[in-house]
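One chain, chain A, links the two complexes that follow: it is found with chain B in the first and with chain C in the second.
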Partner chain A sequence: MGSSLAPPPKPGNRRELLALGGLLCLVSLVFVLAVSHGAVPLKIFHLDETGRRILFEVRLPRVLLAGLTGAALALAGLYFQYVMQNPLADAFTTGASASSALGAVLALLVAGEILVLPAALAGALLGLAAVFHIASLRGRLLPVTMLLAGIVVNTFASAAISLLKFLADESVASIVFWLMGGFQNATYARVGLLAGAVFASALYGLLRAPALDLTAFDDETALSSGVPLYRLRRELLFTGALLTAVSVAFSGIIGFVGLIVPHLLRLIGFLRAGVLVPFVVLFGAAFMMLADLLARTLLPQGQELPVGVLTSTLGGLFFLYLLLKRKRELYELA
Partner chain B sequence: MKRGVFLFTVFFLLLTGSALALRIVVLYPAASPILRALGIPDREVVGVTRHDRVYPGAIKVGSHLRPNLELIRALAPDLLIVGSRRAFPEETARKFSARIFRYDPRTLQEILTNIKALGEILGRRQAAEALVEKLSAILSRIKPLPRPVTVIYEVSATPLKVAGARSIVNDLIRVAGGRNLVTVPRKHVLISPEKVLALAPEVYIYQVGPMNRHPIPPKKRPYFRGLRSRILRVEELEFARPGLNAFSAALKLNHMFLSCVR
Partner chain C sequence: MNWLELRNFEVRQGDFRLRIPELHLSAGEMVAVLGPNGSGKSTLLSALAGLKTYRGTLRLAGNELHTLSERERYRRLSYLPQSGRLGLPFEVFYVVLTGRYPLLSGRHYTEADHRATERLLRLFDLEDLRHRLFGELSGGERQRVLLARALNREAPVLLLDEPFNAVDLRHQHLFVRHLRDYVRRKKGLCVTVLHDLSLAVKYFDRFLLLKEGTLRADLRRAELSETLLGEVMDVAVKFVEHGGEMLLSIDLMKKEEN
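Right after this comes the complex of A and B.
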């Protein structure tokens, strides 16, 4: 991650504070928009019984879950990028997404929705264990081998999901739509669980921020600076996998967020981990709430689009724009 | 004399059709019970899809969405009964010299029309007419309702998909005296739970079967706590397949609606 070679900014940087304020405004604005708009028009200040139920039992938990999932996936992507020291790392390339989805799809076919969360967690941990085992050499984690192992796990899990889809035959449509992602089954319990996971993971990142900045240098420099590099990588890998598994279990596979959100912020010029962690959480949340709002409102008559389709499209287009606009400043020529 | 008897026998067999035994491959499982009801014997149905149990002796030729074309070709069929153009595209159909019969009804009336057409093709016109009469008699037992019952029919819970205007279920509801509140011109509609609550159907039907395995009952789902509808659980294979079953399903649904109106 060549971008991390920039000089460390001064504490209390005014630009960062302004950006934090801007991001908080953005999250609040998108939250208000997402809560006030949906398949059914609601008069927020004059709600009848049905309106109240729609707002508090359907829409509000959904908006909150979307925001937290965006935050979780973006944070997982950031941590994976630190572990792998590779800008292409995210929940997809590390195999965490696909192995978690494999567990969830198995649960959906065999036992129904009730077992999706434990199965997704088990799947993610199994995938993680495989990556960990393959990439470990005498107690060290090898970043490039880990990335390759992640791609292998991803390919294997994707193939297994395809096989299940083939065998399931008539349940294919259900699985495919589930894999495309969505927040229909949001509950406050899920919101609470994911909020806890995001909060704990972000706090961990903030506490480890100086060490995370040092991982941008080569291993020897980081080690000689007193960073417990290998333990740090294991912790980051586990935290990223946990965030991914919970997100996948609650919302299916939602692509691209973990990859683009950290990159967008780096492209704008935020490089320190202490700044990136909260910014990634806020920006990921705003991005996902907006994508879900569009998924809920673009089609008429209460129809919905799978949110994963929108995140990939929106994120892809925006990222492409930035790449074309700022390719000289990007990693190679920075 | 012997030659004369032989020629007469051949002529007689040709006339009655038994010498023209067809080789039929059925790629749409809902069509098999119709063939059975028309009296098509086991030896004429040489291939079926893997979940089709009506003709147990027939070779399994894959699923209706992914049929094995080599196997089908090896069976040298005279007649292929296939589903929609999406499931069996024209381009694939052109690879076979066999006659193609598309069975893709979206209403109960279209099922009856298809039965008659199959009867013509298979030389079973009388059996087809008798079957149509029998099925129409089931429909005639449907009792009128004082007003249409408003309905939403859940196809799958995760994600929430309901039957749209192009689903056979839509017509089944109409025939039974109900009105599908989802009028989107699609077979299945991915819908917001908010919309379902706002539409407030009198009856919310959820199916259980291959497309909706182990669903949580609607009122136990957090987003449907506010649903005031009467909940009905039905079997997918009985209610959402455009075959003979659809007629008794319509009658059953009519009885359910009647109890709701009362």
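Right after this comes the complex of A and C.
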């Protein structure tokens, strides 16, 4: 990935390579921390038989799933931001997570486990299509309208999920727990599937990086720059929905990662898709492994917080900051 | 050579219809599109840019527009819409650089693209803004950046919709002079929607007067008349000769004054 993300010799290139190195170090560091800490502390270089089993059967898949889910949600958020043409879009604010969860719950109650993934994808796509159509007006899309449309989809999907829980009370406990978000159900199969999805989606974006940036312009400018705008939007929406659906199906609803991660990277000056796509994947992974580590270790006596609760608390505060400090962006007075 | 040829050209948009029976715009021309609000100026420009479905014939450099691929089309023409907008943060330098997107042959902007962008930033006094975020600029500064972006493509045909909105006088004249040289040098064509009649009369050679979706007149500078301009624009126009230059005095029509 290293050589393809850097445009040919240009000032600023060194900064990006340095940041790439920094991010790789961060990911490795968090990974080692996350693997070695938890209910049972592990000395990863001096393992006994029990330690080895805990490491390979429980800890490692969990940490990998957390990292990949972080990468997936951050990347989905970035792609939604290109489609919705504003930096406040992510799986949570667009309602994609909730509508995807609705699809998954419906499939679980009606058809069983096999249909969970396709149903989650269908749910996410329906929710996103609704938000896009409600929020876009004559070739432009206002952030505030998008957020309102996202609330509509979120409210509707949450209500529908509550209704389903009410109607089918025997499996309620597991659904509630799953929806709160967490990586307890990690398996290597899930890790493999999510890794494939993240890799393919990131590659898709990297190969079209300059075109992605152009989708941020008004439609007329983008189209008259020769960008196949409508096709690109459909593909980005689908890719983002896919990443969201897989994350939700495996780990429940984990909010705001797709908002926070790209925002922080933009804040320190990484603005172009060619750089943002790989950086968002790495930073998203580190962010979520750390969040999961905290969720596992914050409470005494090995109790766990649902990681979704943690990220939503953080995300809520972050969103509050955006509302207070970035009004211009939000109301698009810009 | 004709850069743009229209025959039995028609664009429909709801109840509005824009019709142009015949029009040829050729190399080296500075064309001003004039007319009151809602006369179809923006519709015309965006249709010429290939963004509207049309009936009849529209040829770009001899080829029917809709048969050209996007890349072929937008290498030859550069369009500046009336309200350019950018929803995500990008620095000024990059915004101007993206104007060269149709020229990309690989996935990256080249050294040559960067050099051309540098040159335009210098030319239009945008160097100091190069690292600023587009969203943080004032309206006039933004418009200058978008104009530089449109010119950065080095396309022979320029379609500019009110390019001087909110741009200060000095930069208006700087830009329009650059446009004139550009058109001469490239044997190109510049079609510009304008509201400023004096700017139009000073720098442009050909005038398309639009009203209610029809082309009322297609005139060279020498053919401009006070009555025709006044009738189309709904104002009283008077030419004043001053030091060899033609100036315009504009007032409301008599009947509207009281």
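What to note about this one:
Everything that follows uses one rule, which is that the second predicted complex is superposed on the first by the 247 of 334 C-alpha atoms of A that agree within 3 Å, B and C clash if a C-alpha of one lies under 4 Å from a C-alpha of the other, contacts with A are read in each partner's own complex, and residues count from 1 in each chain.
Here, a residue touches a chain if its C-beta (ideal position, glycine included) is under 8 Å from a C-beta of that chain, and two chains touch if they have at least 3 such contacts.
It should be emphasised that the depicted structure is a prediction, and the values quoted were computed from it without experimental measurement.
Look at A:117: by the touch rule set out above, it reaches neither chain B nor chain C.
In the superposition on chain A, contact of A:302 is made with chain B only, not with chain C. Within the superposed three-chain model, A:182 lies in touch with chain B and out of touch with chain C [touch as defined at top]. In the superposed model, A:102 makes contact with neither chain B nor chain C. Of the two partner chains placed around the shared chain by superposition, chain B is the only one that A:53 touches, whereas chain C remains out of contact.
In the superposition on chain A, A:71 makes contact with neither chain B nor chain C. In the superposition on chain A, A:220 makes contact with chain C only, while chain B stays out of contact range. Judged by the touch definition given at the top, the superposed model places A:81 against chain C, while chain B stays out of reach. Residue contacts after overlaying the shared chain place A:210 against chain C, while chain B stays out of touching range.
The touching residues of chain C, when paired with chain A in their complex, are 46, 49-51, 70-71, 73-75, 77-79, 81, 83-91, 94, 98-99, 101-102, 104, 107-111, 114, 135-136, 146. Of all the residues in chain A, the ones that touch chain B in their complex are 38-40, 49-50, 53-54, 57-59, 61, 108-109, 111-114, 166, 168-174, 177-178, 182, 184-188, 296, 301-306. Residues 4, 7-10, 81-82, 84-87, 140-141, 143, 207-211, 213-214, 216-218, 220-221, 223-228, 266, 271-272, 274, 328-329, 332, 334 of chain A touch chain C in their complex. Across the complex, chain B meets chain A through its residues 51, 63, 65-66, 156-161, 182-184, 188-200, 209-216, 221-223, 225-226.
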